[in-house]
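In the two assemblies presented below, subunit A is common to both, partnered first by subunit B and then by subunit C.
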Partner chain A sequence: MNFRVLHIELRRSVAPWAGGVVLASALAFLYLVNGSWWNGTTAWTAQWTSLALWTRSLLFYLWPLAVGFGALQGLRDHRSKMVELLTSTPRPARHRAAVPAGATAITLASAYAFLVLVGGVQVLANTRYTHLSWLPISLVGALFLVAGAVLGMGAGRALPSVLTPPLLAMGAFAFTALMHLSLGRTATIDPATGLTTTAPNRLSLLSPEVDEVHSTLVTLSASVHIGQTIWVLGTATTGFALLVAATRRARLLALAPVLAGAVLALLVLPSDPRRMYVVDEAAAKPVCDGPVCVTTAHEDRLADLAGPGRKALRLLHGALGDRAPVSVRENTAVQPEGSTPRWSRTTVLFGFDDDIVADARGEEQLTWALLAKGLVPGCAPVGWSGFGGDEYAQAVAVGWVLGELKPLPGTPAGASGEVDAKARPVWKELKALPPAEQLARINAMRAAALSCKGDPFDVLSGKAAR
Partner chain B sequence: MSRVSVAGVVPVRWLALYARSRQVPVSLASVVICTVAVWAPARDGGGGSGDPRLPVLVLATGVLAVSIGFGGQDLALDRTAAIRWVPRRAAHVLLAGTVVAAVLLAAQAMGSERATIEFVVRDSAGLTGLAALGAALAGGQYAWTLPFAWLSLAFSAPPATSTATRVASWLLLPPGTSAGTWTALFLLVTGTAAYALAGPRR
Partner chain C sequence: MMPAMSAADIAPTPYAWEIRATGLKVRVGRKRMAVDGLDLSLGTGVHGLLGPNGAGKTTLIRALATVLRPAEGTLELLGESAGGTGEHRALRRRIGYLPQEFGYYKRFTVREFVEYMAWLKEVPKADIPGAVQRAVERVGLADRAEERMKALSGGMVRRVGIAQAIVNDPSILLLDEPTAGLDPAQRLRFRELLQELGADTCVVVSTHLVEDVAAACSDVVLFAEGRLVFQGTPDELAAAGGPEHVGDSPLERGYSALLLNPEQTRGTW
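On to the complex of A and B.
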């Protein structure tokens, strides 16, 4: 390749603009909009995998943008009205096509890399868990951008009209949007809760966008990477072939790689959502300090948790006797959105994003939070949050263990009075019962709370028939 | 006799030439084709009848298609013409927005209704204004980038709770929301005025 020409392309074509707009708009978007990419343990700067997934989901508009910029670039020869002059040069068409395609690829890939780098520097400061299994997610993302631009260039060359860039960009945007909204998702009704939830299907993986990040431990499976790489290489090949093609027959032939890529990719891509988004086993491996365990990804938070964890277990053992849980563990089960959470009798399961744990300040509040999670873990469907019987029951049960009602962390600012008004009479009534009866009621409440059958607060207040 | 016919033909001829230089036939055809193409597969209840994103996608496609007309073949030549460009450019913008809205409403009248008239009018007005503003700022060829940018913003903005987020997601707000209506009106007026007065950027 002629590096001098490449240098000129890099300075004088739309390529640096494409890279600049991609980078600037992505950074502006991440920093100016206060979306869920700033929340809790799945913030885009919290963990490497979250960083890779959040930057990937920006491709919902970066990829269409790359396609549009590519088409603008592809129209250039037509605009300059010297196609005939260029075709008369002895240099092969593929050499001439490679230079602008290479320039766009370099700027887009470096813009994306820089975006990941900006987040990566912050991730380094925020977590000690470093690994490389996030890298394929970002590499495939960069490939998507480059392939989109090359496809746009090819299409701009094959259909030289001012209309091509906007319509291609819009078509690509409609593709990612529809894959995220309706075409790429299958709706199911959970028989237990009656809620309609949607899960991504195989088709959605042809879009560069990934599902919203709900857990630190979730990552894309290897077969997704392989399938998407095949699809992306197919689109890039078609784009390049269109860029080189001179005759109508060659243009039709150039469409073969993208079709073959789509078919092959759909054969490789998993159809079951649980095999698309899998638990990262290395990140989920427990790191323990006695009975208190967290995931490897959150290893740096173990020191703060060990003391309160032990204390909560001791208090629970004193209050519940043999039926008390014996360990505290970070919850590594990744359940689909909208399903009923599953809890364990012997283990206090918690997540760092549970409101009650996330809001706890200091060792004492953390102990209360873990007590609450051990007694009434909460039955709001996964990914949903609510406020009601579970929280009142937590207040009463923790108050029963501690001997006095405490305002629990994670209570919304306006609701603390309401919690107190609901919990205090029930707590007083519970305290007035004979000790054996108190324990029986707490055990019955816990059974209801752990199995998510019945309202634990009703059981505590003696309303529910046992 | 011949003088009369010439006098009658001139405005039509001017309009036809203007339409041709603004690529109106091809962009009109693509508005119709795209509307039908997006609307047809969505008829069987893809995104749910209350989902405003689908009509917005259709409208944005239409506006992007007509936006290429906000700029001529040879701007320097255009400017030498001794005609008043301001009302003509303004009329072009307003007509383009009307056509986009009308095509969607016509498609709706034939198929299932998803979006109310107020919604379609507001969104097509605002988007057209944005496209005109884009043409004034960057030229007709790049006019589409501005409506496209706001569309991406609206699709991913957090829930509309504050005024800033309501303005950001004005495209998707239910019709009758004051923030949405005013943003659309502001964009239409600013865009049309900027394009009419300044013309497409060279």
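On to the complex of A and C.
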């Protein structure tokens, strides 16, 4: 490749615009919109994997942009009426096509890399857990962008019309939207809750976008990377072949790689959502201080948690005796959205994004929060948030252990009065019972809360038929 | 600065004619034969390709530029057959071509554009900057070389078209209507350039301006309805006409006389 010619294309072709628009719009999107990419432990600047996944999610519109810019570039020879002159030159079409394709690849990949760099600098400041297993997510993302642009170039050359770039970009956007919303998702009804939930299916993995990030510990599986790489290479090959093709036959033949890529990719890609989004075992590996454990990803938060964790266990043991949990652990179970959470009798499971934990200020509040998670862990379907019986029961149960009602962290502003009004009479009634009966009611409530069967608050207030 | 002589430069050419066509037919579209049985041999020098509109001049030039493939007959360029399949890579390196409709990348500067074309013509990497500078100087655009193509006037764009055609020091130079858009002074300068180039190059200039031919061409090829009507010097063309023929100059009268053929009157206006 001739670097002077590459330099010319880097300055004069669509390439710098493509890179500039991709970078600027991505940063604007991330910084100007206050979305869930700023929230808690899964914020895009919190962990490397979250960074990689959130920046991948942006491809739902960055990829169509790349396709559109590619088409604009592919249209250039036709619009400039250069075809005649170019046909008479000796240099093979593949050399000629490689230069603008290379220039666009360079600017798009640089823009994407810079985007990751902007987040990466902040991730370095936010976590001590550094690893490289996030890298394939971003590399495949960059490949998607480049392949999209090359495919656009080929299409722009094969269909030389001013309508090609906008229609192609819109088509690509429709593709990512369909894959995210309907075509790429399979609906299931959870028998336990009766809620309809959707999970991504195999088809959705042909889209560059990834599912929203719900857990720090979730990452894409290797088979997803492999399948997507095959698919992306297929699209890029077709794009380049279209860019070089001179005859109708060659153009038809150029469609073969993208079809073959799709078929091969669908053979390799997993169909089970649990094998697409998997737990990152290295990140989930527990780091413990006595009975209190967090994941490796959150190792830097263990020091703050160890004291309150021990204290909560001691208090629980004092109150519940042998039935009390014996350890505190960060929850590493990654359950599908909408499913009923599963809890343990012997372990206090918590997440740093649980409202009650995230909101806790100081050791005392953190202790209360862990007490609450040990007594009434909460049964809102995974990914949903609610407010009601679980929270009232938490207030009563924690008040019972501590001997006085406390305003628990994570209570929405304005709801604390309501909690107190509901919880105080029940708490008073409970305290008035004989000690053995108090414990029996608490144990019955805990059984309901841990199995997510029945309303623990009803059990506490004695309403439940037992 | 001239490129250094190599053994290939001084070796005798293995062919008698730069361009040699026998029974050449070139199809345009599905049916029409725009070049219909042409026998033509051209050597070094400046050959003016004259003929009425629709005579097939552009089709012939496109076939000579290896853009169109001959349908029948043989076409030999620099001793190599230009028919059949194949990329003609070695041959194309030695051809310069200015299409009738000269397209260009508007955002490129003059130098970038000519450099890009030199790269496409596979001029050796080390020679490109020098070759570009020489070509730009020869068309008088050295002081505008850093300007964007879109900022140029029509005449200047035409000169860039000539610069890109000569940047690879071609052995065959094909110019389709090169003087369109040039003002009289530029046209004079262009004729000088043609004569310089004709010393060692086979230049084929398609034009409908008879005075261009008179001033710059060593040889006239008169072409009508896809066939050769006349080939000779400008003087011979002038001699063919008499006072009874239409035209303001001897050449125009010769042109009229040769085209005034009973078979060819059906298409007048």
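Going forward, the second predicted complex is superposed on the first by the 466 of 466 C-alpha atoms of A that agree within 3 Å, B and C clash if a C-alpha of one lies under 4 Å from a C-alpha of the other, contacts with A are read in each partner's own complex, and residues count from 1 in each chain.
Criterion: a residue touches a chain if its C-beta (ideal position, glycine included) is under 8 Å from a C-beta of that chain, and two chains touch if they have at least 3 such contacts.
Not measured: the values here are computed from a predicted model.
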| item | value |
| --- | --- |
| Touched partner set for A:L86, first subunit B, second subunit C, both or neither | second |
| Partner chain in contact with A:R4 - subunit B first, subunit C second, else both or neither | second |
| Touching partner for A:R12 - first (subunit B), second (subunit C), both, neither | second |
| Touched partner set for A:V258, first subunit B, second subunit C, both or neither | neither |
| Which superposed partner A:V232 touches (first subunit B, second subunit C, both, neither) | neither |
| Per-residue contact with subunit A, leading partner among subunit C and subunit B | B |
| In the complex, subunit C residues that touch subunit A | 62, 65-67, 87-93, 95, 97, 99, 101-108, 112, 115-117, 119-122, 125, 128, 164 |
| Subunit B residues touching subunit A - in the complex, by the definition given at the top | 23, 26-27, 30, 34, 38, 41-42, 46-48, 51, 53-54, 57, 60-61, 64-65, 67-68, 140-142, 144-145, 148-149, 151-153, 155-158, 168 |
| Partner subunit B, residues of subunit A touching it in the complex | 25, 29, 33-36, 60-61, 64-65, 68, 72, 161-163, 165-167, 169-171, 173-174, 177-178, 181-183 |
| Subunit A to subunit C touching residues, read off their complex | 2, 4-5, 8, 12-13, 76, 80-92, 96 |
